[in-house]
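Common to both upcoming complexes is subunit A, partnered first by subunit B, then by subunit C.
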Partner chain A sequence: MSKPAKKEGKAPTYRIPADSPWANAWKMAAGLGALGIAASAVGMFSDTHRFAFSWLFAFMFFLALGLGGLFFVLGQHLTGSGWGVPLRRTAEMLMAGLPVFLILFVPIAVNMHELYPWLEEHGAGHGEEHEGGHGGGHEGGEGHEAGGHEEHGSLLGFGTQAQAQEARDPWDVHPNEREPDTRTHTPEHAAHAEIMESKTWFLDHGLFLVRAGVYFLAWILLAYFFFTWSTRQDKEKGLALTQRMEKTAPFATFVFGFSLTFAAFDWMMSLEPSWYSTIFGVIYFAIAAIIGHAVIILLTLAMRRSGLLREAISVEHFHDIGKLLHGFIVFWAYVSVSQFLLIWYAGIPEESTYYHLRWWGGGGWMNISVVVILAGFVIPFFLLMSRNFKRNLPWLGFSAAWILVVQIGQLYWLVMPYADQTGLVETQLHLHWLDFAAFFAVGGVYMAVVLWNMTRFPLVPVGDPRLDRGLHHEVV
Partner chain B sequence: MASESKKTGTKAGDAGETRPLLLLAEYESAGDVYHAAEHVRDAGYEKWDVHTPFPVHGMDKAMGLKDSSVGWIVLVMGLTGCLTAFVLMWWTNGHDYPLVIGGKPGFSLPSMIPVMFELTVLLSAFGAVFGMLGINQLPKHWHPVFYSDRFDRCTDDRFFISIEAADPKFDLDETKSMLESTHPSHVELISEEVDE
Partner chain C sequence: MGWRKPMEQLDEQYLVSEGTSLADVTEIVSKVTEQKAPRLWWILFGISTAVTGILGLTIAYLLWTGIGIWGNNSPVAWAWDITNFVWWIGIGHAGTLISAVLYLFRQYWRTAINRFSEAMTIFAVICALMFPTIHAGRPWFLYFSLPIPNQMNMWPNFKSPLLWDVFAVSTYFTVSLLFWYVGLVPDFATLRDRATNKIRKWAYGFVALGWRGSNRHWSNYERAYLILAALSTPLVLSVHSVVSFDFATSVEPGWHTTIFPPYFVAGAVFSGFAMVMTLLIIARTVYGMHDLIRIRHLELMNKIMLTTGSLVGYAYAMEFFIAWYSGNPYERFVFINRAMGDYWWAYWSMITCNVISPQFFWFKKLRTNIPFMFVISIVINVGMWFERFVIIVTSLHHDYLPSAWGNFSPTVFDVLTYCGSLGLFFTAFLLFLRWFPMIAIAEVKMVMPQADPHLGHHGHDDHDEDEDAMTAEPAMAEE
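After this line comes the complex of A and B, so read on.
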């Protein structure tokens, strides 16, 4: 062993050559993004309500990807990792796309009143005037009616609420559920007055935007510093920048953790303002970690296919990042069950509405819940279990793609039940063309930035003192 | 370079007849022992081992070791644990003697998840630890290498290859010259006294 001297010859530059398809990939992403934005713009005027939700779904998915990249970079510096150095630049590219979310957030900020029911209520007092529940909260309900949830058959769903109710075991009926009175489940209802009262100061229009500004400031600064330091090291070499990044990483991790948690509270949890779960931010973190690792695997595998990174990233690296992906899937399942179990045990109305909406709420969401559990945890748990599976690159790529698709579904499952809601316990699942338009708009713009950055910098941190150790990494 | 020392089970000197137990070759670097291991592997020996003070990368390849079967033991143990927890809870509270706890159904999967998870982890860990010990035949209280004084340095700065006399290919002269061709710093024969 200890024969690090491979083929000397020309040292690879790890640059994308001008004739590589990767050199122009960002243009394709930008084109898709432009198409998506054009379609979304049409949708924003024809169906503002649906547009806001579709955009939020796409935004939260790709934001998770950017934050997943940031997390990978921070983890590498926290642990002083040598093995992951060749993979780190790909994660840094994902991270460096974070600032673009400030612009992508504008449609959410503009359409807040479509998304967040607490905004309607604000200033109007705890309204007796809101009788029709959440739907009535929308002025005239024009967006809501245009969404037309009645006539859209569910594309994915095969279960209707009537079937769901028939299939119920009498044991399973929660006392609050026996008479499905949607009025008692609105955030405006007196039963939730106390909770809503205590949240009024936090769920405030101005403070919400200030907080969003703080999150973006934090992410932009983290992405800026960790990216510029790392790319500066490409030229400067030396240990100093590595030490600076490692010294900054612990503090940066705190900033990352708090900003991600509160962003998840603000942007996703407050869709149902009377509901709360302290672990919700952790779940969003787990999703971000899964998406980040899966996309790093897919991007590096795809680059290897076209001949890039072959000298840098070997099956040993894929084995290790495959282990991390497997671990984060278990972690995600663990925290998801932790949230569910406490709510299930207590069975109190303001908490259980969240799962009620996604299970007994009808409209096909129960099917997505089952798919997320089976395809999100049970199947990938076995897909990535064996050492030989993780070292089989086509298999690993398939597993990562599978996991990524399920996580898109999971984000959809987290955001979209509130789009077609009639009261807090009933909803209708239907795919809308705006879901795709917004997904391409947000994803196209973000990936264009990521892919464009890839053409500007080496694909591996060539100045990192640990690079050589990373290149010869071997799993014992 | 290659000297030869004899040890016997009873430390009884040269009296009586002896039987070879093991040939022990000593190397000064991880690189030397790595290439020597490749050599021994290619010579087709089966009952042999490499002893190093620290894990040497790629040694399993150099020794031609197959994939460890610990993973399969862990899989079976984990599934057993999961199933045991499920059956236990289903039988006791779901079937045999249902009790209403917290207004929940007697047989309710959510409340089973933590126990199923914990028992899966527990039995998997047992499978990993005890499976590893079993496959390595540990703990081992006696082994011919313990008779070598030089072997103590295995925990410090020396690397060893041992070939057991029980190996079907073992031939005292042939094996010794084979080992000597791998540039060891020392080759030692360990033998025991034959009881009458």
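After this line comes the complex of A and C, so read on.
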């Protein structure tokens, strides 16, 4: 039943030949990236507010891709997998692009004040700052009058009154022993002000940047070590490096899990600083896993089309990674439903704002919510259900592309409702050219790095001791 | 199933001790049911039947008197009973995980332990179901919870997670039972064929459903097994998710948090593996199963415990962090109260047993040390009981209204019902060990090198360096 996948005599090198279109693909990505950066730079000055959100959306999407690659690599080492060895290098390429996000983070760090309402507390001149950034960008003028902003600021309740009260430690007083809050005129205002006041030390400009530095340090080190070891093994062969990678992987997974979680909290959850969900980090992890697996499928399929990797990756591998993609779609739906169902069922206002904004908040977000559910879970669940579908490569490629597009929408759904927020649970939806510009800028730069790395190293880990198992893998 | 020469430097091993033949496997497993039970079995069986008897008396008294004989009282209306329910359901999870999820992930080492843990699942779910049944107060009206058409126009409340529990757990029980039974059929046939007396022959023949081991039987069997595995996999997630909804859909601080479903599932798998480990080590030693259940199997189980224990630790950390981050004073209070309030000892027992103790398994020395892992597995079971206790009792005993605060203390009947459920579980389990093939004979044979049709052709004796070992042809051992 075993079939000789390798012809005897000429061992393939799994390198991209100089005449392959893949040899220059990175230049195309870099070109697109340059165009995107140029357009974004224009946008940054013409509409700083929108630019910041568009950039964050693109950043979080491609970051998920890089982290998804890292996760695939770690999973391979944790399980001592044989089947996935030929696919691992593609994931390693995605992972090796992670350091570039440190640079891509700069626009977010610079424009933090546009993104995160919790920063408004610090700047005394918040009002003008906000108006200036926001108002300038609204050529369209869809009812974004100043009144809306005023309301926005006060509704969220991060006003100057927050500083007024003496500092007290809310940990050691039972809520019922508190005296009533007289600082603001409505209970909701008071509640929000108090909530925000109690976590200012965590949601703090400096500490936010320090934490970002820690996450990047973690990811850069993980990417660096796992990529260097793996590529060094291409030449050295042997078992020592595999042993080292398998020894390091469990600890690396700890680092990966916590850094990803807190990055998701910091960069996305704190867009609505009064809202919280314990599962939020897990949801971002699920998204990263989906995006990572979908892109690995698409990249390897595309390379096979141009004749690369044909000896290494067969329908058997696609069948297996298709199963994993299917599994992660279900997992993502599961954790998303967990969050939704519990918030919906309990109906606590401070939590339900999140879904209220995306359902009743206006601007057509309800439609996107429906699309994300149907196109993100229901349809791909059936697209990838059958064994025959997963083994039909064009079908699998279509499904992976479909899923990827929906996940772009999912990230948009997570980030962008806050871009046009006009009240606590009111927002608008309009596609802006900057969304595309930022997407190309971040994606172009990141993919240029990934594709450039592909030209420098073999496309499969040729030194891996389990490679042969991987090459002869068959699903039974 | 595939078989390859293991790379020992990469911690790979034969799943069955080298030199064990196919006939040995049959012999090792079957003889347990054919010989007289060892003295230890009788001692344990005597104890556990006695304890089960006490359980029967306790329940009889309880039903006669009312559940007021338990310590549950406002504000702690759920206490040991629901703690025990969740604990037992959680323990049941390892069975399905090992038999279904690890099967789909092609983790062949599962074959040595799946039968064992599936049996454990069935008995654990039975023990679990006992508690809500009693707690509902009038077990003879239990059918009220089912949507049966009736002339009273009475319908269950479909919006209640407690009802979802009824559906989730009963589905889980049914599918687990089917899965277990389907796997048992070929092995029952083996016992039937080895039977030396009429009764045995007839009894095992009856449950073997006329299995002849023909090609068609095997191919139907494989298909059924795969379908049941695919059906069981979502159940691994759904059951404990629904159990977590019992708490998390409320507006109770400490209960209402969005990470509960996956966190409960991780905890369930964690405790299930710990229980399998406890039982497995005893059975392996008493019945001399060392050739089939190797240290490697135990080590891999310990790794899963380390993983799930750490996931549980992650969930604790998230709960605590978000309780603070939420800014919600009630949330904050509940968590501070957990760690520093009246039940601080329960909280710290939970942290020590569940988060700290599995961390020892980072060290290979410790995760291959049998007495050590035995102790840790019991510690984890204790810790997971405390986890449910902490969640249930500490959230209820000091919630919104200080005037309604109150502590919980168990009565002797709480203790008797809990210990009684252990008696019931062990009685059933000991009977299983005595009469059922405790290891899946047919499945273990599939992962042995002898099952490889290419054995002896190549890959086995022409390996003078690693490179050659790697080029061993992939082996398919189907049919």
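As a convention for this text, the second predicted complex is superposed on the first by the 402 of 476 C-alpha atoms of A that agree within 3 Å, B and C clash if a C-alpha of one lies under 4 Å from a C-alpha of the other, contacts with A are read in each partner's own complex, and residues count from 1 in each chain.
As a working rule, contacts are C-beta pairs under 8 Å (C-beta built on N, C-alpha and C of every residue); 3 or more make two chains touch, one makes a residue touch a chain.
Please read all numbers here as calculations on a predicted model, not as lab measurements.
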Practice task
Return first, second, both or neither, reflecting whether A:G281 touches subunit B, subunit C, both chains, or no partner chain.
Solution key: second
Exercise for the section: Pick one for A:T261: touches subunit B only (first), subunit C only (second), both, or neither. Expected result: second
Practice task
In the three-chain superposition, say which chain, subunit B or subunit C, touches more residues of subunit A.
Solution key: C
Practice task
Using the touch definition from the top, say if A:E474 reaches subunit B (first), subunit C (second), both or neither.
Solution key: both
Exercise for the section: Report for A:E194: first if it touches subunit B alone, second if subunit C alone, otherwise both or neither. Expected result: second
Practice task
Please work out whether A:S386 is in contact with subunit B alone, subunit C alone, both, or neither, and reply first, second, both or neither.
Solution key: first
Practice task
Answer with first, second, both or neither: which of subunit B and subunit C does A:Q339 touch in the superposed model?
Solution key: second
Fill in the blank from the handout: Residue overlap on subunit A between the subunit B interface and the subunit C interface 1-2, 171-172, 334, 341, 345, 347, 474, 476
Problem - Complex contact set, residues of subunit B against subunit A - result: 30-31, 34, 55-59, 62, 67, 71, 75, 102-106, 110-111, 113-114, 117
Handout entry: In the complex, subunit A residues that touch subunit B
Key = 1-3, 169, 171-172, 334, 337, 340-341, 344-345, 347, 385-388, 474, 476
Practice task
Spell out the residues on subunit A that touch subunit C in their complex, using ranges where they run on.
Solution key: 1-2, 79-80, 82-83, 170-176, 178, 194-196, 198-199, 202, 238-239, 242-243, 246, 250, 254, 257-258, 261, 265, 274, 276-282, 323, 330, 334-335, 338-339, 341-343, 345-348, 350, 465-469, 472-474, 476
Completion exercise
Seen from subunit C, its contact residues with subunit A in the complex are 1-2, 4, 7, 9-12, 104-106, 234, 237, 241, 245, 248-251, 256-262, 306, 310, 314-315, 318-319, 322, 324-330, 332-333, 336, 362, 400-402, 454, 466, 470-476, 478
